[in-house]
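Each chain carries a letter (A, B, C and D) given by its place in the written order, and its residues are counted from 1.
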């Protein structure tokens, strides 16, 4: 799970409700599960069949190149669908034209534990519980901020061992679950 | 039981595989559940929230005005997603631009029985089992063929008693189930 | 905003990870969505059809009798399925024998906002995001703790206007969504 | 997909509605998609987590040993949930105590085409469309009729290459989709 830069900077004078400074975030991460959304951006054909999966190329804090899904925190007083839209625009740009699902029912819930092995998902910083959605995007996507690249891979390529090994925290599994859900697991 | 000698003869050259004449359809309707798809066409906003539901206005064989969903049979050797696309284009026109779901998982399965009361759905002609999907459409929709009109109603209007009473065979319930699924049941 | 210096001190030896005192809970409720689970306890017949819904009878802080679903917070380092089990046992007793779903996919996600009207769900204390599941229970259920009674109602009774009016915060809607999901909305 | 022995024998004097002789079955298989159910029988722990998957050992018509899911046709005037129950009892015996899902929503729809390659599922005899469910069973299971054995494998074993290669028609994929759905894909 990627660390999202969605917290206001310290020099911002007007702090909105739900604003947390670094210490506050560190604290809540030790006492509560943090709500996330994970989006698997896809290209679909006219009949809705998934033809490509979008994966971000990032450099981890350890300096390793990794492939990542769109992922981020749901903020206080933010609807899940608005969080999905915000994170997709943050990562894929303002004209990605995502088709946010009409239903809030996620295809799965990924539970990232700080302790490895409790579930297949792991986040050393926190206990994050993520609602996962497959989101078709029809517009022009450009990697933003900390992402170096956005690659569109076929479902077969995206679930290949080489690509899967470049994903962290169990997102390789989450991607395969998404492909299973859309009938494109190979 | 109909004599099986009535079934399509091998020397019929021009009929495609899966073609059925009237007698054949009448026969299979007495021996097998028939696979259908039901689509609830919706307009969504940028965040995926349903803002309107499209209902067809039809005249039933008994001459009564009724509101209807997009609905139709899955043909032999046709994928469910292709049947969805075909029926939406048949009822809403060729430029409706439906967003066929990436996943084949329906939000529910509606079982229309020829005998009333077995399930909440009823079809006097047959036992039809219908996979039901909410399908956002972003293009220009025009009623085709036997439909007199296509009305876009808010979720509240579409689930109002007046509109619900104009729907047949349990489609009123199916529409409310769809609104429950997208979080817009009132 | 509460001074972050109030957060758990390192010298507190006996408190488990994830423990929060009253002030800490009050604080996090103003900065983060809190993860919940909602369970709709049901009795099913041999074919899985829902024949009854279990509703708790409670007295609200305002002294009003109300009907409620099983609901509660997911704790730090607790899996969603373990939270479901814990809250069902807490509310229905230790021998309710709940059939916790094999899949983490909820039938819906209920977003309780502190501000009424943002979504159909409302919780004046907090922004709670709840994963909702229908949970068949086959054992002996007895209301625990703060519940006065547990009533088993038919789906028709549970969605009747009288019962629905005795539910709070949008749980009446959530119950109808659950009945829609299991094909028992009337 | 296994050929189910669910058609009445010819010496039965009273043929129920929906009865089809061999020629009739052969005919309808060339004109209509046939509705099926697939059940993945599982053992779950107290928290609903899947701990084992039940696979039938069968000999195919070609004399090859194969692993199979519970699978069969939905009959005329039969509810999907009743078909699920009937096929599970037929394959696992009368005291398997299956927990048929309360909701008719399948985790996926498997489309078995007579032509290989249209979808990942294949049935040379027919176009079968199968609603797929994960079904926990808590009772004593014994293989019936044409099955030689019933093996309980861990999710990891069931999705291992060796076991997957012993499955036919795409049921290996369907099993992995089921494990993805319950969060036990490895």
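Keep this in mind: a contact is a pair of C-beta atoms (placed from the backbone, for glycine too) under 8 Å apart; a residue touches a chain by one contact, two chains touch by 3 or more.
Not measured: the values here are computed from a predicted model.
Q: Out of A-B and A-D, which chain pair has the most contact pairs?
A: A-B
Q: Work out which of C-D, A-D or B-D repeats the contact pattern of B-C, with more than half of the residue-numbered contact pairs in common.
A: Having compared contact pairs by residue number, the answer is A-D.
Q: So, what's the distance in Å between the C-alpha centres of chain C and chain A?
A: 27
Q: So how far apart, in whole Å, are chain A and chain D when each is placed at the average of its C-alpha atoms?
A: Taking the average C-alpha coordinate of chain A and of chain D, the gap between them is 35 Å.
Q: Enumerate the residues of chain A that touch no fewer than two other chains.
A: 79, 103-105, 107-108, 119, 181, 183
Q: Would you tell me which residues of chain B are touching chain C in their complex?
A: Result: residues 108, 119-120, 173, 176-177, 180-181, 183, 185-186 of chain B touch chain C.
Q: How about chain B: which of its residues touch chain D in the complex?
A: Of all residues in chain B, those touching chain D are 1, 4, 7-8, 17-20, 24, 28, 30-35, 74-80, 103-109, 111, 113-115, 118-119, 127, 129, 131.
Q: Considering the complex alone, what residue numbers of chain A touch chain B?
A: So the residues of chain A in touch with chain B come to 42, 44, 46-50, 79, 81-82, 84-85, 99-105, 107, 134, 136, 181-183.
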